[in-house]
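In what follows, chain A forms one complex with chain B and a second complex with chain C.
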Partner chain A sequence: MEPLTWTGNLSFLNLPLQTAAILFFILALLQILAGFVPQRGSTIYHDSTVAGGPGLHGWSARLTLWSFYLVLLICAAFLVLGMLMGTSGGIIGAVSRQFVPVWVALAITFFLSLRYRRRLGLYGKLFDSTIGMVGFGLVMFWVFTAIFAGVFDMIYTHAPLEQASGMKNKLPGTPMNGAEAEDFQWYLFGGDNLARDVFSRMVVGSVTVILIAPLATIFAFMVGITLGLPAGYYGGRLDTVLSFSANLILAFPVILLFYLLVTPEIRESGLPNYMAVVLFVFPLIFLGVLINSRFHTQPQKNTLFLVLALGIGGWLYLTLVSDQSSVIRLLPSSLDFFNIPGGILVVFVSVVFVNSPTVFRIVRGLAMDIKTRDYVAAAQTRGEGPWYIMLWEILPNARGPLIVDFCLRIGYTTILLGTLGFFGLGLPPESPDWGTTINDGRKLLSIFPHPALAPALALLSLVLGLNLLADGLREESLKD
Partner chain B sequence: MTKITDYDGPVLEIDKLSISFFTRLREIPAVMDFSVAVQPGEAVGLVGESGCGKSTVALGVMQDLGVNGRIVGGSIKFKGRDMSEMTQEELRDIRGNEIAMIYQEPMASLNPAMKIGKQLMEVPMIHEGVSKEEAHARALEVVTDVKLPDPKRMLDSYPHQLSGGQQQRIVIALALMTKPSLLILDEPTTALDVTVEAAVVELVKDLGKKYGTSMLFISHNLGLVLETCDRLCVMYSGEAVERGSIEDVFDDMRHPYTQALFRSIPLPGADKNARPLVAIPGNFPLPHERPDGCNFGPRCNYYMEGRCDQGYIPMDEVEGNERHVSRCLRMTEIDWDAPPEVAAKAEKPAVGEVVLKMDHLKKYYEVAANALFGGGEKRVVKANETLSFEARESETLAIVGESGCGKSTFAKVLMGLETATDGKIMMGDEEIQDVAIQDRSTETISSVQMVFQNPFDTLNPSMTVGRQIIRALEVFGVGESDADRRQRMLKLLDLVKLPRAFADRMPRQLSGGQKQRVGIARAFAGDARIVVADEPVSALDVSVQAAVTDLLMEIQRENKTTLLFISHDLSIVRYLSDRVMVMYLGHVVELGTTDQVFAPPYHPYTEALLSAVPIADTSVEKEHIVLEGDIPSAMNPPPGCPFQTRCRWKDKVAGGLCEQKVPPVRTLEDKHQIKCHLSEEVLASMTPVIKIAAE
Partner chain C sequence: MGLFILRRVAVMLLTALCLTFIVFTLTNLEPNLEKLAKTQGNMRMTDEQVETWLSNRGYRDNLLSKYGQWLGVVPGYVITGTDGELRGKCIRPGMEASGAPRFCGVVQGDWGWSTRFREEVGSIIAKRLGATGWLMLAVMCVMVPGALIIGVLAGMREGSRLDRGLSTVSILTTATPEYVSGVIFIALLASTKYGLSPLLAEWGMIEGKSLFKGTATSAMKDITFANFTLPVLTIALYGMGYIARMTRASMTEVMTAQYIRTARLKGVSFQNIVMKHALRNALIAPFTVIMLQFPWLLNGVVIVETLFNYKGFGWTLVEAAGNNDIEMLLGVSVVSVFVVLVTQLISDIGYVYLNPRIRIS
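This part shows the complex of A and B:
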């Protein structure tokens, strides 16, 4: 087997790409310089509007944009042709072929969303903003990757823990040593220092991130909302106490806290489990109050919904927190169907714990603002309970800033997860998540940069996507 | 930098001005074919409802239309020079130097981080390059001119240390620093209380005379324009529809919109049965949905198909009057003196049993001097002081007073959002003063409901209109099933004359008046017996106000509701209420039937309030009573009578009694109550404030 080059038979596109890229840089530079040249020949109308041709600066700006589009077009050609050619298109072709399910899913999502965007509310409006679309595309790329890799075992080429002799620190595109006929024949992004496939580990690593980050953020929001609403709505002593505790948690060094939580002594004492017991109960409270405040005027419906929600939620809660091997054994093992591995639980608990005070403060501020509105007074004067007002009158009207913050916060959480993995906190050392792999690759960075680069770029693109998505959402929600 | 001198023509001449705003979708014409001329020393009023383009004209004159706005036709000449031909430098000289502008919100015009004196001194230092000392002297002079107490201390304070009225005076001083030839006032008093407004208007008038400044006065309040201006221009949907001298336009109007506008505002001088309110039907057209021909056509009583809906309608001279023009094709055909057609007025049902009784109600708030640790000295804010009154079935009791008089606190205690400090509230035979809302029975709650002031705030923006009414029905336990409640909700929409399709709309798709109707429907969801209406129409446009007021009264007639109508607008109070209660700093200073309160003997505060209300009727003569100073803070009320700091009758009471003792409530004839030390003779000697000149 020949080692794969980066572009393989696609190399005829290399020259155009280089030319286009160089052209783009030169034009961008020219555009800046042209900005210094004063423009002549403009006419000033009586209403003091100025009109004139685009001038030197205008033309160079247009050319820059076109050359940028050219670069993008060639990059797209690489991906599309690579998808068709597979491994004969070099590493790029092979990778593009591996991601076919993701491309298809993305294409379907974008087609449907663009088609029906006028009926989709805020989500549909996202497709009016380029930045939002780019962000959404990046995020959905990793979401689909995680789904296909985690659920259907697609996309990745080798098992993330599988080692092959002679593949240690091999460069991208190296043929696999001693590959069977049914094996994938190359290590696309090379091998790491334990001779595992970097590409596969990067793909599988996305599963951990995509699973934990949004879920932990949702939990942090539940905690923050359930505490922030009453703090903002009631104010007074309750607010003072809660805000002070939030400040206390925020002032505590995060990394130190994580180190503490994973210390074996503390883990054995069951502190993370106790924290889980407390933190995980908030969504349950939230759900119960949400339903009760809304339907208490219709007792029949109320009971039905409450039993359903609290029954299912309660059972989930109990199975989540009780673990036969830890201090908390609330359920008999016959009813306890699944356990979260101890490491993941610690990561989850710490991320929720660190994020919820910030959410708390945002929600508190919003609640303090919105509670002065007349519709809140109207609800009070028709005798609504405080929780109905908080959850159905205040919260829906605070959703704009909260949705934006939610997107940003998933980004922070992703980075936090990376940090945790990097320090080897919580997750097992062989875990393929991005933080751990970056830490592994870091040691030989000056000789073999590729094992660390792949997960680092993956992390970067996901967080960038989330931030762009938040920008797009903010922009579009302001326009409403 | 000198001023343009030696010019005798009009200070400002706007000729066929058209201004458009450009959005991504379309061009939105904001002002079309607008002409007006302001002569030296003249005050011209610009009147119209919100969205008619009056502020855009002002911005156009300042050449400050932002990125999207552009003048698309016509010219603006300032002292004979076309402003569009001036360079940026010339314009900068003129702004602030020759043309000054005063905005609605005083706090937004002042820099909160800069002392007043510095802000004032900056103006001549920039425009005329004078020395610091001279600028300071000028600032002191102007601050004295705007009648602020203790000018030296004023110069040394920050904007937030002053009250709203004082801030607006500073803004006026700021505008007058350079002795401009033209002053543009954009709703300068809308954010102020009535008595403060009266004082500010008086000041502006005097200063205009003193400095010889021409004024362009933008307002939605016809009464205010009558008091301040010499000439008037009425705008509707981007066009000037009528222009002329105050007398001509008020008494000899020649445009159906002007007429409709006058007929839709209540006048305190007129009898409510002889001159009922006539609402203007329909809604204000959106700028991009204006009809062909006359913009007012679809809402006009004199509309003629085939004539009014075609082509361009020019401004035409009104025969017999000087400089009086109107944009109406049928000007000469319409009988302008014909009385308005009025549907048969339903008789009001007789006033019934006592529904609500307040007995020496008190509400005090304790405010800790040191908020952080709760310790230290506690101060008591007396928000309501011995409130006693009765309200009967199908009666309208108006509660009148300016901000800080305790009307809102009273509403809160009645609704159960706060509990009373002392005294009794009897609803039927139930005592509710100590029962907070969560302890009240559903029946009690649903029988006392409230209509709120701000239509843009009264509905939850993220719930459909129907859902919000259904929720009220659910909470009040009305209806058997969801379907039943939906049916009732639709009936409630019928009641407030909204189309049933509105049930599935979001509040943002409704206009202000429509939202207020939904608010009324919601209040009546549980068959309320008592409805507290907290300034329900003050935030609405004039033409919509009449319709909403009539609706409230109609529902009241049908349901025999007791209406507690909180307002500061005495015109509307006179129009709809049976009895009036005047409040000042938590005290009820006067209580009686509408006729008693609006005729002497007055409480001195009522007298001042009546005099302060601008009345849009040239046949009304008012006595001018300008109150000195501002309303004292409830945190630190004056000793003795609450009104003694501003009372003009104080010297008629011997021995300084006003400063020592709170006056007792005295009952004059027919249960007319007044809280005042004045003797019977003095009270009897009072003359009516509002007189209708014999015609």
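This part shows the complex of A and C:
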């Protein structure tokens, strides 16, 4: 079997793409240079209005934009034609074919969102900004990839741990050695130093990241909000103590903290489990106080909601923290339905621990600012309790900056997860997550760059998407 | 002002004390001590051998007393081991037991003994910090001017195409962590088989096989353009985007201020408005950001020094942490806390001096 080239039968598009790309760069350069040339040639009409043509700068700007659209168009043609042609469209075609479920899901999401965007609040407004849409598209691409790969076992071509003899460090597009008829016949992005398929590992690696990063960020926000609101609202000694401890954690270099918390020796001592016990209780407190402060005047509803929320939450909490094989066994094994594998738990806990002080500081600052507003004074005069004011008056009014920070923080958490993997901490060494794979590939980087490049670019695109999304959200929420 | 600085210094000391105590507790956990004994003795030690190894070297003291010894407020241990050898905290290899001082801790200026490098912690840190200092200096020289220029250019005409282009670039750099950009740079610029280098070598534009070097180990002795560019670029790029965005935000704010409008209406040229009126006020905020960026640089330094195998401060941190080198880790954390808190202090004080509207009462 022939090795695949990058573009296969689509290679007739290579020359147009190169030409368009070169044209774009030259024009962009020209545009910058044209900016230094002063504009001339304005016409003065009879009614003494002055009109100027686009001039050199304007024309070069237009041409730059057109050539940019041309580049985008050809890239899109690669993906669409590749999707139709499959492996005869080269590596790009084959990859595009593998991602078909993701393309379909993305198309449906965008179609529905654009159609109903006027009724969807802030989410709908996101689709008014190009940057926001691009970011949302990138993020959803990886979310769908993770869902299809993790739940339905689609998209990836080989098992992430499967090794094939003779495929060690093979280049992208190499046919698989000794492939059975039902196997996928190529290693699309080549093989890594243990002869595993780089493409499949990259796809499966997204599951770990998409699972941990948002969840850990939500937990960090719960901790930060539950502690930051009272610190900002009450001030005084409580604030001093909490701020000091937050600054203490922030003064640690993150990597030193990781090395102290995530080593196998520390895991043996059960410290992460104790930290999980403390950190995971904050969402429960948050939920309980949230309901109680709102409904405490209607005891019947209050009890119902509290029992429901705390019952389900408490059971989840207990199954999460108690682990038959570790130091904490709170539930009998008959009730303990699922355990988080030790490696993931310790990574999760340390990422939450590192993120929450920053969230605490942001929430505290916002609370200090908002508590001087009139509506807070009105609520105080009404005789509302402090927790009602914090959670139902201050928090909703701080949502704008918090949502933006939430998006940025998921990106930062993704970077942190990658850092952990890069230093070989936490997750097992054969785990396909992006950080670990980059760490794996970096030893032979200058000879075989492809095993490290694929996950690196994947991580880059996800974080970039989150940052662009945050930028779009910020822009749109400022317009209100 | 004096009182303010004094209070900050007191908080700094308290923070450093708390932090080192946390590090001390964590590194003295049972599994960590066992690992230390096994890496220092040999991997096949039995539990009893580990126990005697640890008790002979004073690790079985209680935690507070050990911490006190490190601080230098409790006399260092002197133990005649089960093997008959006399060991003490203050007795260094090759030193007479009788000549050793009673106290040897941080207060006495003694940072302890590194079990990983078999050397004085103080001298290692000084040496490694020197190496990292060069790296930081180069990073600052690239990052700060670059970020300020990008930020000012983007912020002087908000919403223009130049602004959007540069803003996208700065978002892109903040989204690229060091281990990603480092990998991309090495693959593109330092690989002998891929990227730019083979092309350039074919055209005869470079002498060696690759444009840059993928490791910076040789930069320890002799810093050259080839071996130092990529590490510097990798660290600088990640921090650059953030500072550029802050500069842009502050520049756009200044450009909409009343006095700029007045200057425009007076007929001052755009160049003069930017250079003489706007720039000075716009650079106050980025100063704080640049100062607060130092702790982040420290992280980047650890990653980049590991990736490029440059034996500086970050590399030392990773080595010490990987081998549970207790006193080395304590020294490293004191230095990093110092860097974090001093830069905070400088940024606060500098802010007051730069911005006459703010005075600390």
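A few comments on the model shown:
Here is the rule we use: the second predicted complex is superposed on the first by the 469 of 480 C-alpha atoms of A that agree within 3 Å, B and C clash if a C-alpha of one lies under 4 Å from a C-alpha of the other, contacts with A are read in each partner's own complex, and residues count from 1 in each chain.
Note that contacts are C-beta pairs under 8 Å (C-beta built on N, C-alpha and C of every residue); 3 or more make two chains touch, one makes a residue touch a chain.
Since we're looking at a predicted model, the values are computed, not measured.
In the superposition on chain A, A:P396 makes contact with chain B only, while chain C stays out of contact range. By the document's definition of touching, of the two partners only chain C reaches A:S446; chain B does not.
Of the two partner chains placed by the overlay, only chain C lies in contact with A:E268; chain B stays clear of it. Once the two complexes are overlaid on the shared chain, A:T319 sits clear of chain B and of chain C alike.
When the two structures are aligned on the shared chain, A:T5 is found in touch with neither chain B nor chain C.
Once the two complexes are overlaid on the shared chain, A:G418 sits against chain C while remaining clear of chain B. Touch counts on chain A: comparing chain C and chain B, the chain ahead is C.
Once the two complexes are overlaid on the shared chain, A:D471 sits against chain C while remaining clear of chain B. When the shared chain is aligned, no partner comes close enough to touch A:N177: not chain B, not chain C. The interface of chain A with chain B does not overlap its interface with chain C at any residue.
Chain contact summary for the complex, chain A toward chain B: residues 45-49, 297-298, 373-375, 377-385, 392-393, 396-397, 399.
Only residues 63, 70-72, 75, 82, 84-85, 88, 415-417, 437-438, 440, 442, 445-446, 448-450, 452-454, 457-463, 472, 474-477, 519, 522, 526 of chain B touch chain A when the two sit together in their complex.
The part of chain C that touches chain A in the complex is made up of residues 11, 15, 18-19, 23, 26-27, 29-32, 34-35, 161-162, 167-168, 171-172, 174-177, 179-180, 183-184, 186-187, 190-195, 210, 214, 295, 298-299, 302-303, 306-307, 314, 317-318, 321-322, 324, 329, 332-333, 336-337, 340-341.
By the touch rule above, chain A contacts chain C in their complex via residues 31-32, 35, 61, 131, 244, 247-248, 250-256, 259-261, 263-266, 268-269, 271, 411, 415, 418-419, 422-423, 435, 438, 441-442, 445-447, 449, 452-453, 456-457, 459-460, 463-464, 466-468, 471.
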